[in-house]
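Here it is: the structure, laid out below.
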Amino acid sequence: MTGIHARFDLGYPGFDLHVDLRLPARGITALFGPSGSGKTTLLRCIAGLEQAPDGMLRVDGVTWQEGSSFLPAYRRSLGYVFQEASLFPHLSVRHNLEYGLKRIRASERKVRLDQVVALLGLGRLIDRQDPSSLSGGERQRIAIGRALLTSPRLLLMDEPLSALDAASKQEILPYLEALHGELDIPVIYVSHSLGEVARLADHVVLLEQGRVVASGALYETLSRLDLPTAHLDDAGAVIEAAVAAQDDAYHLTRLDYSGGSLWVSKVERAIGQRVRARILARDVSIATVPPQGSSIANILAARIAEIRDESPDRVNLRLHVGGEFALMSRITRRSRDQLGLVVGMEVFAQVKSVALIA
Amino acid sequence: MESAFSSAGLSTIWLTFKLAAVVTLILLLVGTPIAWWLARSRSWWKGPVGAVVALPIVLPPTVIGFYLLVAMGPDGPLGHFTQSLGIGPLPFTFAGLVIASVFYSLPFVVQPLQNAFEMVPDRVLETAATLRASALDTFFSVALPLAKPGFLTASVLGFAHTVGEFGVVLMIGGNIPGETRVVSVQIYDHVEAMEYAAAHWLSAGMVVFAFVVLLALYTLNPTGRRK
Amino acid sequence: GQAAHAGGKISIAAAADLKFALDEIVALFNKAHPADRVETIYGSSGKFQTQIRQGAPFDLYFSADIAYPRTLRAEGFAASEVQPYAVGRIVLWSPSRDATRMALADLADPAIRRIAIANPKHAPYGKRAEEALKAAGMWEKVEAKLIYGENIAQAVQFVQTGNAQVGIVALSLALSPELAKEGGYALIPGELHQPLQQGFIITRRAAGNPLAQAFVKFMSGNEAREIMNRYGFVLPGKVE
Amino acid sequence: MESAFSSAGLSTIWLTFKLAAVVTLILLLVGTPIAWWLARSRSWWKGPVGAVVALPIVLPPTVIGFYLLVAMGPDGPLGHFTQSLGIGPLPFTFAGLVIASVFYSLPFVVQPLQNAFEMVPDRVLETAATLRASALDTFFSVALPLAKPGFLTASVLGFAHTVGEFGVVLMIGGNIPGETRVVSVQIYDHVEAMEYAAAHWLSAGMVVFAFVVLLALYTLNPTGRRK
Amino acid sequence: MTGIHARFDLGYPGFDLHVDLRLPARGITALFGPSGSGKTTLLRCIAGLEQAPDGMLRVDGVTWQEGSSFLPAYRRSLGYVFQEASLFPHLSVRHNLEYGLKRIRASERKVRLDQVVALLGLGRLIDRQDPSSLSGGERQRIAIGRALLTSPRLLLMDEPLSALDAASKQEILPYLEALHGELDIPVIYVSHSLGEVARLADHVVLLEQGRVVASGALYETLSRLDLPTAHLDDAGAVIEAAVAAQDDAYHLTRLDYSGGSLWVSKVERAIGQRVRARILARDVSIATVPPQGSSIANILAARIAEIRDESPDRVNLRLHVGGEFALMSRITRRSRDQLGLVVGMEVFAQVKSVALIA
């Protein structure tokens, strides 16, 4: 009975949430959907901040809500990073950070203050007295740290990174990943950014108008051409590969996966270790003859498994390598016709860029 | 003519201070949960309870004093109760004064507290809950500090009102030197006896003392504005 | 509890008009009884009556009239008979005009805009003032000018502060050092109103208290009577 | 014995209502700018001014009444002033009552308003400024509505306190029927005259009336919590 | 004397802002910089919410601040969208929207309520009474609308879109563009997203630790390899081109610019009209021989003008076509060496994807 099972029905005038979800007990679940689709409402139900009548919530076999029994929010071992950072205005930055930490048993403290301070870059901020004078990004980083410091068994994050610049994001993301890797805290993560989702998530839930449109493993969900995600600019495939070789001179690493081999920026891992990478559909071009003298290092021989219109001018392709799903590609309709691409055809996939994400 | 600073005068001042301090303390202890409930509850009872709490203000103090005297007296319901506890009747005792003053000043404490609690955003309370703070813990660690300006006001109004009040005090206390004669009653006596000089001195003393205390409160405790 | 014999203590609840006279009497008494303490609390007679009913710790009750102590006696709160101790008189008093030559009829003078009396509803001196005004046929003429003090002291203050030009006040107050230096008075003929009989009782809690008895005795002594006289109280010849 | 509902009784009730209404209105008008200034200013004067405003509470009403009587009397500074304006002295007039009550109840209005104004976040005021609202406009369109719970409390405390107060009123008003005799004084008179039945009726009437008004206020004006 | 000239010095403990900026009087200026670099502080100074002593601010020749003269915020004809949407909690959505509108003269009203409602998709929300029950994105859309409705002469936007999902962003961006095109309101726009910046901005200001690191036209600034922006994932060139031909069958449009011709998704504009497009460096690969049978439609003959290390494994190239700057390309160091790329060499730039942005 591990995993999270959530069933909520909640109506507001003009909106109702109607979900019945099973989520894995580990890893990061991305909650993805347009503005007003009920993402925040769902998180609030899970946190026990919204009391959905007849709701049901079980986390790792422990019932948090069912029928008339309702575990109050503070008894739920969860961390919540709100969409709008809500620091306690009367507490210094340090006391904000320590607020939750002090309230859990010493034996439960798996995340240390100095760890969080170092990883979220809070050193310059921790002695500030007045949180209202912090910048937007600073506030949000502190709110994240504060939630992490409760060493929760479930972490709910409502667009935690949207107020951050790319550089801060790049610094924090690895920590969130590590957190999940090391501490095994399941995370439900609301994001508008498919990039973030792909980088972080193991599981994806697509919400639309309060209903679950799709829920599944990241690899499957993001590679499905029939879902709304396929139309996003950032659509693409997420693959799991093993470190196969290192090229120290050029700072490159070769990854092997079911779909072939890819050269990526140096990965500081031992040979054989598994990593996750993301290949955007728009970064994959197709050639019918083996490309020559090109800066594109990654070229895979692939077979077209599916072609689907993405927009009036573009199509999405699913590509298989050795019978298995390997890549998604987005090209113009004209290129499809000029190259005469049809399902089943053998082609060369040129991968311009691979984003290593875990 | 009795001087304000004779030993009897000092005992009166001390008694006043003690009464006001004890009453303020009790008012805050009693008023805070009531105010919290009034501020946060969605119960139907909210309106009626709020109205009842505010009621004592509309009656003249002497009249409240009269009803309290009757209620606390040997034949009154409260008197019966205290006698059955073996405490004896409360009028003309310090305890009686305290109870009467608490009753009379309650609205002056509950109202500002209720306001302050209403102004505490739901969001910070929710945040505290997600950080493992129980309702009680949240109350003390978040709501209370955020409601500080309300507490300041409540304390000032409660304390000052207890010091300044004399209608109830005169009725319930009986103006017994060293026991229930407080400064306000003393000044009243002076004025009634046309001992104006003594009344002036005592009033001036009160005003200066109050001014200093209030000034200290306001200056040391700047009730920060919300950003 | 009961006052002890040696080092005893009593409290006297007394009507406000007694203030000046009683303070002197108590001072004398205390000199004669250095081990004992007598405390006086001045206030409204009606309030005292209510409080004694509710068990107030007063040993003697000197009322400004005789009806209050009689009621208490009838209800069993007294340990003694009701003893008249003085008859009060009312006067016209004014610091701003020459009151010594004034009569009730002069109150119609339009220069007198406000006349202060104690509230006839519950203050004995106010009641007598009303009676006197009616008996003199002045009530209708001055009713619109009247302002009512909570008690006789407040009526005096209205006049003292210049907010009323004339007050009908207790003779005992007009004779007090404080007021005597400010203005003169004219006695209102006693036949214009009921006598202001004032009585006292020993309360139930002081039954058998020797100090209370001693004070009562002192009160009827010559020294005390002389002081009472000086403050304009007519003394009763005998116990009722 | 005068019944509470005789025509004299009715005029007393009407007078009380009129007094309390006028006083509350003036209190709000006078108290609002003071409270706003106290809440938002960073001036050094804030502490002293705040303390002075709160002072009247610590003095017994009758004593305040006495001093006001002296000040407003023909020889007092206020009296001189009003006489020089040709208004004549204020004691024993409705206007005098109003001024005295305003003076005495001011802290009960200023304090809750100040609290409420302090709780208005800077951010919404700034937002209003960027939307072309002048300081005054912002005050009326944003600060005032957000401080509504404070206004409710201030009005209730101010109104009720004026209704219930009688020490000052008795002193300044002189208890003149139809002119300055308000219900609180009337009840006091009944109690003093031991007309308990009349006192009970009038008190009960006041309490019921106050209860209904307060209940209506609280129910029709639910002072929403901050999200 | 048109344009904005701003000079502010403002110190907080641990931070000081020290800027002297000249911005164009029209178009969108992007304010770009890491968290805590002073973007919000600068906007607040411009808005008159922060009173920098000795500050100076002139907008179109009108002095808003100089020496002791200081125009209060409400007298400055500007719109401000705060980083955290701050709707008036006591007003309905409609009254929030109308708040500023009512406060300007009828003759100054250039933006209509129905326009804003339609364009920001507020129809479903406008009759909501309680703004605190809105979702994060809904709140932000209303805040944007409210600011627009004052028809300001200068619009300040502090990360207005960060709370919005990609779809909403895509809907709102064109409106902001149109606004700027039609109404000629200069906008200062804080953003963490280089994509947004490139799409919207004409002018870019890079802020770091309270100092201006670079300030210049979008094209130049984003194509400079020496600025921090060159290291961002989204680095690339922004070009201005003319519509040259339409391919209705495939829904494509050919753009001509100084750097050559590009085929892009259909642009609904007349032949000859000018548009702006953005080409990410990572979307541009290099070939030394003309590519054959490839789905990449856009291939330009170019010359390498500059090569600069971007990271241990990658380099950035500036490419010229016909002597003018045309493209940026990001490739691995290994590819550079394998292909023997050096400055001055003639190569084929393969453009996988072109984002049309205006």
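Lettered A, B, C, D and E in written order, each chain numbered from 1.
In this text, a contact is a pair of C-beta atoms (placed from the backbone, for glycine too) under 8 Å apart; a residue touches a chain by one contact, two chains touch by 3 or more.
Everything quoted here is computed from the prediction, not taken from an experiment.
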| item | value |
| --- | --- |
| Neighbouring chains shared between subunit A and subunit C, ordered by label | B |
| Furthest chain, CA centroid comparison against subunit B | E |
| Centre distance in Å when subunit A and subunit E are each reduced to the mean of their C-alpha atoms | 26 |
| Whole-Å separation of chain centres (CA-atom averages), subunit D against subunit E | 57 |
| Interchain centroid distance [CA atoms averaged], subunit B/subunit C, Å | 35 |
| Multi-chain contact sites of subunit E, meaning residues that touch two or more partners | 84, 133 |
| Junction residues of subunit C - those touching two or more other chains | 47, 50, 154, 157 |
| Residues of subunit D engaged with two or more neighbouring chains | 66, 123, 188, 226-227 |
| Contacting chain pairs - touch in the sense defined above | A-B, A-E, B-C, B-D, C-D, D-E |
| Residues of subunit C touching subunit B in the complex | 11, 16, 19, 39, 41-43, 47, 50-51, 53-58, 151, 153-154, 156-157, 160, 173, 176, 178-179 |
| In the complex, subunit E residues that touch subunit A | 12, 14, 33-36, 39-40, 83-84, 124, 133, 135-138, 141, 158-159, 162-169, 192-194, 232-234, 247, 249-252, 263, 265-266, 282-283, 285-289, 291-297, 311-314, 329, 331-337, 339, 341, 350, 352-353 |
| In the complex with subunit D, residue positions of subunit C that touch it | 44, 46-47, 49-50, 114, 116, 119, 121-123, 146-150, 154, 157-158, 161-163 |
| Residue ranges of subunit D touching subunit C (in the complex, touch as defined) | 66, 69-70, 72-76, 79, 89, 91-92, 170-171, 174-176, 188-189, 192-194 |
| Subunit E contact footprint on subunit D (complex, rising order) | 123-124, 126-135, 137-138, 141-142, 145-146, 148, 226-227 |
